[in-house]
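The next part holds the structures, each set out as structure tokens.
Below, chain A partners chain B and then partners chain C, in two separate complexes.
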Partner chain A sequence: MLTFAAPKDMNLKVLQFLYDEESLSFRFMTDLQAVHYPDRIGEELCVVYHLHNLRDNVRIRFKVYTDVQAPDVFSTTALFAAANFMERETYDFFGVNFVGHPNLIRVLNVDEMDYFPLRKEFPLEDQTRVDKDDEMFGR
Partner chain B sequence: MATSFEKVVSLARKNSIWPLPFATSCCGIEFMATMASHYDLARFGSERVGFSPRQCDLLMVMGTIAKKMGPVVRQVYLQMAEPRWVMAVGACASSGGIFDTYSVLQGIDQVIPVDVYVPGCPPRPEAIIDGILKIQDLVHAEGLRRRNSDQYKELLAGYGIQ
Partner chain C sequence: MPIMSEDILLPEGAGEKQTTTLNLGPTHPATHGVFQNILELDGERILKATSTVGYIHRAFEKIAERRPLYQITPLTDRLNYCSSPINNMGWHLTCEKLLGVQTPKRVDYLRVIIMELARIADHLICNSIVGVDSGAYSGFLYLMQYRELIYEIYEEVCGSRLTTNIGRIGGFERNFTNTAFEKLEKFLKEYPEQLNEFEKLFKRNRIFMERTIGCGPISAERALNYGFTGPNLRAAGIDYDVRVHTPYSSYQDFEFSIPVGTTGDCYDRFLVRQQEMWQSLSIITQAYKKVQEFKGQEAEVYHADTPAYYLPEKKDVYTKMEALIWHFKIIMGETAIPPGEVYHAVEGANGELGFYLISDGGRTPYRLHFRRPCFIYYQAFPELVEGGLLSDAIITMSSLNLIAGELDA
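Right, the complex of A and B next:
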């Protein structure tokens, strides 16, 4: 599948072009999520858009990278209504701040959660347990 | 026949436990097998599965309880009338099981008191029946008014329940 990246402040322009251009017409957003690359300094968070041209049955993947210290990416909810919940989920798990999103709050995790669990610096296991110690469970 | 009123009530209670199934995953499927004709939970007076917490005596939590589901389990428990008992069926309900992760409650005893834990992943119907029998022993042995004992009040206070 064709994959390409663009600067993060260009994401709306690129998506709008892919949507409007008659020969491209990628008008269906199938998926949106993020990836955390802790080693790539300055571009730790990658937001991935999966687009589909339903007429010609062609798929494409578009990525933007952002600094984890300022994870602001423009929201695509104005262009794709489907992006609403997917951006909320991406915010929930990776903390990507989608600028312009109408309701950017947690959707799957508990509201009291105070971190973004899929960022690599957080271990998968529940850290609040006291009965599962490292010796017995090989953490 | 000479006996005490307390013994009669205990006997009646233990042989007419109405379970409230709180089934979230595969342990619930095992419970369905336990209820059905082959294992036949009705033999122990528990064939009447109620789906209203107001009517039931035994909360059976079967399956993974996500942290987001925790307050729901607690709410269901609070809605049950005394006397009430709780059974944690399977590894997930008892300890979180294999789901040692940020989103899963590591055992329902973090939110409500549990009387009997049934091990297994999932437990076989025989194990669930064994758990029911353990609950029956509890119901039979404890007095008429467990809820008035200091120990019980202290336990509930430990969970922040009046």
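Right, the complex of A and C next:
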């Protein structure tokens, strides 16, 4: 699958061009999510768009990198209604702040949560830990 | 002296128009799953709907970051649990795409049989539940026993029924037994008649038609913009099917058509699913015929030759050194996954079920994302029901085939 990246301020322009240009017409947003690369300083978070041209049956992957300190990326909800929940999910798990989203609140996690759980700094629980009183679940 | 209306003292604001706020869900029996909808009602008419999801979120994407590939299969079971084999196969196919594993044709055909059975099981539930919600309970009772036959086939192949964990990377855990094929034949023989009867009960039923035509419609353009896939998109008139657009598991070897609707309302969704069941039956028949053509040694093939990912037979583990090593490495999850990035989609019962897998060369995925069709089309729900009646919202919800497990991941 063709994969390319663009500066994050350009994401809306790129997506709009891919949508409008008759020979491209990527008008179906298949998927939107993020990946956290803690080692890439200055571009820790990567927002990945999967687009699909249904007429010619071509899929592309488009990436935008952003700093984790200022994770502001323009929202694509005006272009794709499908992006609404997917951007909320990405915000929920990675803390990407989608500028211009009509209702950017958590979607799957509880509202009171104050961290972004899919970032790499939150490891899963150590499976060998013994200090936990978990007799209810028989561990 | 007659009482004048001015004399009656009403509380302030009582004469103004009032709306009711109704909490539909999260444990309402009519929502068939853990969904919450806060509805603003004017009488019975819905003015505004706000949906809340996430009640059974289980953080599969995070859990998967610690598991070797074969341990992720049981997580995919729990996405759309009405058709878990499709999820399992989708996951195996994703892994095979990343690892570059070529599966033998017989495995592909066996997979197609199982996936299409799963599609029938899923559509059968959805359509009969639409019947239940519109007041026709008996259709559900007729069809439900045939899901039992499908589950018996799963049971014969993999040992479990609902959360199947069926298959392995590269193929199946064991060859299909004769009993499995006998059960399949029984199903192929008995089901069409029953499905026909079910269809007769609903298709031209005046009550059912009046109840579902024009209920929760969506235009093709809006459906595309909302990221609809699967039967719900096809009911709106767009013939997008992953099985045809990007064939996987040798779907290109089969003859079938994609049913499409026009208005995208509940009735069209019902008809599209109904027609898809017939198509699935035809695919299964073709696949079964192709499977029967394998003779002798070829009929014994049920997995690809990938020792690094496919568990060796138990008797070899006890007698052969190499098999023992592979067994240990696989079970302990010590096989490194080649670095790469793949997106693979299969036509799930609800639409395009995608797996986006990133590996950095470690033993577990660096990141795994599930594209869950339910999650994406559920956001259109307020638009579908606003302006309609409360009872229409219930039918719309069940005809979209919302599965909470898939929605929340």
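Here are some notes:
FYI, the second predicted complex is superposed on the first by the 126 of 139 C-alpha atoms of A that agree within 3 Å, B and C clash if a C-alpha of one lies under 4 Å from a C-alpha of the other, contacts with A are read in each partner's own complex, and residues count from 1 in each chain.
Keep in mind that, in the parts below, a contact is a pair of C-beta atoms (placed from the backbone, for glycine too) under 8 Å apart; a residue touches a chain by one contact, two chains touch by 3 or more.
Keep in mind it's a predicted model, so treat the numbers as computed, not measured.
In the superposition on chain A, contact of A:Leu124 is made with both chain B and chain C. Here chain B and chain C are compared by how many residues of chain A each touches, and C touches more. By the touch criterion defined above, A:Met1 lies against chain C but remains apart from chain B after alignment on the C-alpha atoms of chain A. In the superposition on chain A, A:Gly95 makes contact with neither chain B nor chain C.
Applying the stated contact rule after C-alpha superposition, one finds that A:Asn109 touches each of chain B and chain C. In the superposition on chain A, the residues of chain A contacting both chain B and chain C are 108-110, 117, 124. Those residues of chain C lying in contact with chain A across their complex are 53-54, 57, 59, 61-63, 65-66, 222, 224-227, 238, 240, 245-246, 341, 343, 345, 352, 354, 356, 358, 366-367, 369, 371, 375-376, 378-380, 408-409.
Interface residues of chain B, counted against chain A in their complex, comprise 67-68, 95-96, 100-104, 106. Of all the residues in chain A, the ones that touch chain C in their complex are 1, 3, 27-31, 33, 35-36, 48, 50, 54, 57, 59, 61, 80-82, 84-86, 89, 93, 106-110, 117-118, 124.
Interface of chain A with chain B (complex): residues 108-110, 113, 117, 122, 124-126, 128-129, 131-132, 137.
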